[in-house]
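Across the two complexes that follow, chain A remains constant while its partner is chain B and subsequently chain C.
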Partner chain A sequence: MTLLMAEAVDLRLPGRPGAVLDRATLAVGAGEIVALIGESGSGKSLLARAASGFLPQGARIGGALRVCGVAIPDAGPARGWSTLRGRMVAHLFQDARRHLHPALTIARQIAQVAARHGTRADLPEAAIAAALPGALSAGQCQIAALALALATPARLILADEPTAHLDPPAAAAVLARLRARAAQGAGVLLITHDLALGLGAADRVAVIHAGQIVETAPAAGWRPRHPYAAALMRAMPALAPDLGALRPVPGRMPVPGDAGLHACRFAPRCPRAGAVCGTTPPPVRATGPGATVACHDPEAAG
Partner chain B sequence: MAERAGPVLLGLIAALALGGAFLGLDPLTTDVGHALAAPSPAHPMGTDHLGRDVLARVIAAARLDLGIAAAASVAAALGGTLAGALAGLAGGRAGRLAARGADLILVFPVYLLALVIVLAMGNGVGAVIVATAVVNLPYFLRIAAAVAAAGRAGPRVDAARMAGMGRAEIVRRVVWPDLWPLILTQGAVTMGWAMLNAAGLSFIGIGVAPPAAEWGIMLAEGARHAAAGAWWVAAAPLGALVATAWACHATAEAIRARMVRA
Partner chain C sequence: MSVLLELRGVAARDPARLGGVDLSLGAGETLGLAGRHGAGKTTLGRLIARLDPLGAGRIALSGAEIGHLAPADFARHPLRPAVQMVLADAARSLPPGQSIARTLEETRVRLGVAGEGAGAMAAAGFDPALAARRPAALSQGQAVRAAMARALIARPGLLILDESLAALDASARAEVLLALRRWQEETGAALILIGHDMGLMRLACPRIAILEAGRIVETGATAAVLGAPRHAATRALCGAERG
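On to the complex of A and B.
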C-alpha cells in the first residue's frame, strides 16, 4: 500500500509568486524508508508539512496528494485532520525541543500519547525518560520526540532531520528504530540534507532541488543520472574517494517561491544545460525499476 | 534554607491564625488600669491604650487578616484565571476585549480603586474581600490569557495535534501544566498584597471596624501612642504585617523556582 502519494504536486504559498513545490512526484510505500534529500530551503520540509497539515495559512495544493489513501485538498482531508494525525501519520518536526512540553517529563508525555492511542510505548533510556526537556541536549530531545512519535500507531512517519543533532552511534540507533517500524509495515519519509545518511539508511532516495524532485532511485548501488544529484554526490566528503576529488555544486540554489525561475530550476547551475532547459519543463523518464530522472539531458548510466 | 524559610514561616503564621482561638487569649477585654503597659511576662507584647493584651490581639488579627487575604486571593485567582483562559483561547476580538478590560482596572492605583469599592459597598469584611479581589483579578487574567493564547498555536500545539489531540485535550495537557504553577505563584504574591491592602483600608478607618482585632486598626491606634513612648502597640502588628508579607513573597519565589518551567 502506498502511504504517501504525491503526484505532480504544486504547492503555492501566499505572498510567493512561484510554486514552492513544482510538480513534485513521490511515493512512500508500506515497509520502506524513502530519503528526501536536498539543500536547506529546497522544500523538503514543506512536502512533509503538506502531508500532515501544517502549512502556513492560505497555502494551495495543486496536483494530487494522498496520505494513507485520503486525498488532501487545500482545506485538509474531508473528515478533518484528526482522522489522520496520530492515528495514521506521525511527524517528527525539526527542532524537537520546541515541540516538547517543558513542564512534563518525557516519560509522562509519552505515557499520555500511548494512553490516548491504547498503545504500549517504548521509553527511551532512563536518563532521558525521567528528565524535563530543558535538562536535555538537542540530540536527546530528538530521541524523546522519536519515542513520542512511535508511541502513536501511525503508519506513515514523516521524520524531518531526525538525526541532525545526534552523534553517529545515537543517529544509528534512531535510524534502527525507524527501520524496525518500517519492518512492521510503516512507511518512513526521511528528510535530510545528508546524501550519505540517506543512501545508508533508506531503501529509496529522492533528490529535490528548489522545489523540484529531480531524481528518484533505489539507494543500493545508485549511480546518479541527474546532473544535480551527480554534483551533490561529488560535493559529499563522506562519498568522495579523497578530499581532492570534492567539487562544490556551482552557483546558488534559486529560491523556490520566486518568480521567473527557469523551467528546470537547476539550469542556471547546470554544466549540461541547453536552451530548452530554461523554457520547457524537464520530462520525467523512468531509468530503471523504481527510478526516475527529470532532465532533458541526463548523465549516462554507469 | 532560604527557599524553605518562606513557606515554613507562612505555615507557622497560618497555624497561629487557625489555632489562636484555642490558646485562650482574650483580645477584647479592656483593663484601663494597665493601659499602655510595657512588655512584661504577663503581657509579652505589652498592652494598648485600653489595656488589651497586644499579643492576643496580634494573634486574633492574624485569622481575620489572613482570612481576608486568602478569600480575596482565591476569588481573584478563580475569576481571573477562568476569564483569562477563555479570552486567551478565544483569541481575536473577544480576547483583546478581555485584556483591555483588565487593563482598565490596572490603570487605577490599586489602593485607590479598592477604597472606592469599599466606600460604595459600605464598610465590612465582605466589602474588603470584594474590593481586594477585584483589584488583584487583572493580574491573573493577563497571565491566564497569555498562557492560553500560546495554547492556540505554536510548535507544542502542533506536536499535540500531531499526536491526535483535540482542543479540550490540548487545554488539559498543554495549557494547564503551564498555567497552574504560574497561577499558584501569582496567588502567593497576591496573598501578601491582599493582606497589605486590607490592612491599609482598615488603617485609614474604612473596611474592618474597631474594636475588631485587625493589624491595620492596631497599627493606626498604636501609631497615636508611639510618639509618647509606647512603641510596642504599633510594633507588634507592624512586625506581623512585614513578616507575613515577606513570607508570602518568599513562598511565591519558592513555588516559582520549583515549579515554573519556561
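On to the complex of A and C.
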C-alpha cells in the first residue's frame, strides 16, 4: 500500500507569486524509508507539512496528495486532520522541543498518547522520560519526539532531520528505530540535507531542488543522473576522497515561490542547461525500476 | 612546523567534565576534536579560547602562558585576537539588535585590528549582500558564516569551530571548507574542528583527537585512527557513520 502519494503537487503560499512546490511527485510505500534530500529552503519540509496539515493559513495544494489513501484537501483548520494525525500520520519536527508539551514530563506525554490510542509505549532512557522538555537538549527532545510518534499507531512517519542534533551513536539508534517501524509495515519519509545519511538509511532517495523533485532512485548503488543530484554528490564531504575533490554546487538555489523562475529551476546553476530548460518544464523519464529523472539532458548512466 | 598551542594537564574546574588533557598544535595545522555528546569537546574548546577558567594545567599560545589568566583578564590581553572560537549556537552568539556589518566593525575596532570586513566575509563564505541584516533575518547557515566572519576579522592564529559546519547544507559545507582551506593557506592559521561528523573529520583534519568522558582517549593521524579505531568511543563514532 502506498502511504504517501504525491502526484504533480503544486503548493502555493499566501504572498508568494510562484509555486513553492512545483509538480512534486513522490510515493512512500509500506515498509520503506524514502529519503527526501535537498538544500535548506528547497521545500522538503513543506512537502511533509502538506502531508500532515501543518501549512500556514491560506496555503493551496494543487494536484493529488493522499495520505494512507485519504485525499488531502486544501490546507487550513480542517477538522479532518484529527482523524489522520496520530492515527495515520506522525510528524517529527526539526525543532522538536516546540512541538512537545512544555508542562508535562516526557513519560506523561507518552503515556497519554499510548492511552489515547490503546498502544503499548516504549519509554526513552530515564533521564529523558522523567524530564520536562525545557530541561532537555535539542537532541534529547528529538529522541523524546520520536518515542511519542512511535507510541501512536501512525503508519506514515514524516521525520524532518530527526538526527540533526544527535551524535553518531544516538543518530544510529534513531534510524534503527525508524527502520524497525518500517519493518512492521510503516512508511517513513526521512527529510535530510545530508545525502550520505539518506543513502545509508533509506531504501529510496528523492532529490528536491527549489521545490522540484529532480530525481528518485533506489538508494543501493545509486549513480545520479540529474545534474543537480550529481553536483550534490560531489559536494558531500563524507563521499569525497579528499578535500581537493570537493565541489560546492555552483550558484545559489533560487527561492521557490519567487516569480519568474526558469521552467527547470536548476537551469541557472546547471552546466548542461540549454535554452529549452528555461522555457519548457523538464520531462520526467523513468530511468529504471523505481527511478525517475526530471531533466531535458540527464547525465549518462554510469 | 612551529608549535602554536601547547596544553599540559589541562582540566576544567570540575575535573570530571574534562581533565588531564595534553595536546599540542602546530601553526597552520588542522585538528579534529571528536567525541560523543557530553564527552567534553566544547568544554575543551572553551578552555583553549580562555572563555572559562581553568581548573588545573597550563596553556601556552605562541610560547606565552595564558592558562592562568581569568577569562575577563584574557579578554583584554594582547593575545586575545589570536584565538577565536565560533560557538555552536552561532545565531544567538551575535548581538541581536544590530546588523552584521555593525557587529563586524565593532569587533574590529574593539580588538584594534586593521583591515575591513570584506576579507573576513569572503573567508567565511558570508554573502556581503546580507551584511545589513540583523541575525534574526538570517538563515541558520548564514548566521554561522556571520559568526565565522566575526571570528576571522580578528585575524586569529587559531580558529576553533564548535559544530559550526553541522548547521550547514552539504553544498554550503563544501563551500565553507574550501574557503577555510584558502584562508589557512594565506594566513598560516591553525584550525580546530569540533564535531562528530567523521566523514568531515577524515576530509578536513589530518590529525584527530577523540574525547570520551572528559579525557583524550585516542589521538593520531585521522586516517590511522579512523581506519583502525582502538577505543570503544572511536568505534561508536565510526560505526555509526553510515547510519
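Definition applied: the second predicted complex is superposed on the first by the 297 of 302 C-alpha atoms of A that agree within 3 Å, B and C clash if a C-alpha of one lies under 4 Å from a C-alpha of the other, contacts with A are read in each partner's own complex, and residues count from 1 in each chain.
The rule is simple: a residue touches a chain if its C-beta (ideal position, glycine included) is under 8 Å from a C-beta of that chain, and two chains touch if they have at least 3 such contacts.
Everything numeric here is computed off the predicted structure, so don't read it as measured data.
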Both complexes share chain A, so when I overlay them there, do chain B and chain C fit or clash? fit
For A:Arg98, decide between first (touching chain B), second (touching chain C), both and neither. first
Looking at the overlay, what does A:Gly274 touch: chain B (first), chain C (second), both, or neither? neither
Thinking of the overlay built on chain A, is A:Gly288 touched by chain B (first), by chain C (second), by both, or by neither? neither
Would you check which partner chain A:Pro237 touches, where first means chain B only, second means chain C only, and both and neither mean what they say? second
Figure out whether A:Gln112 sits in contact with chain B (first) or chain C (second), or with both, or with neither. first
Would you sort A:Gly139 into first (chain B), second (chain C), both or neither based on which partner it touches? second
Quick check on the superposed pair: does A:Gly185 touch chain B, chain C, both, or neither? Answer first, second, both or neither. neither
Which superposed partner A:Gly58 touches (first chain B, second chain C, both, neither): neither
Contacts of A:Pro17 with chain B and chain C, given as first, second, both or neither: neither
Just to confirm the geometry: in the superposition, how small does the C-alpha gap between chain B and chain C get, in angstrom? 19
If we count contacts the way the header does, which residues on chain B are in touch with chain A in the complex? 155-156, 158-159, 161-166, 169, 173-174, 177-178, 181, 261-262
Chain C residues within the chain A interface of the complex: 35-37, 139-141, 166, 169-175, 177-178, 181, 196-200, 203-204, 236-243
How about chain A: which of its residues touch chain C in the complex? 39-41, 137, 139, 163-164, 166-172, 175, 193-197, 200-201, 231-232, 235-240, 242-243, 246-249
Can you list the chain A residues touching chain B in their complex? 52, 54, 81-82, 85-87, 89-91, 93, 95, 98-104, 112-113, 116-117, 132, 134, 145, 148-149, 152
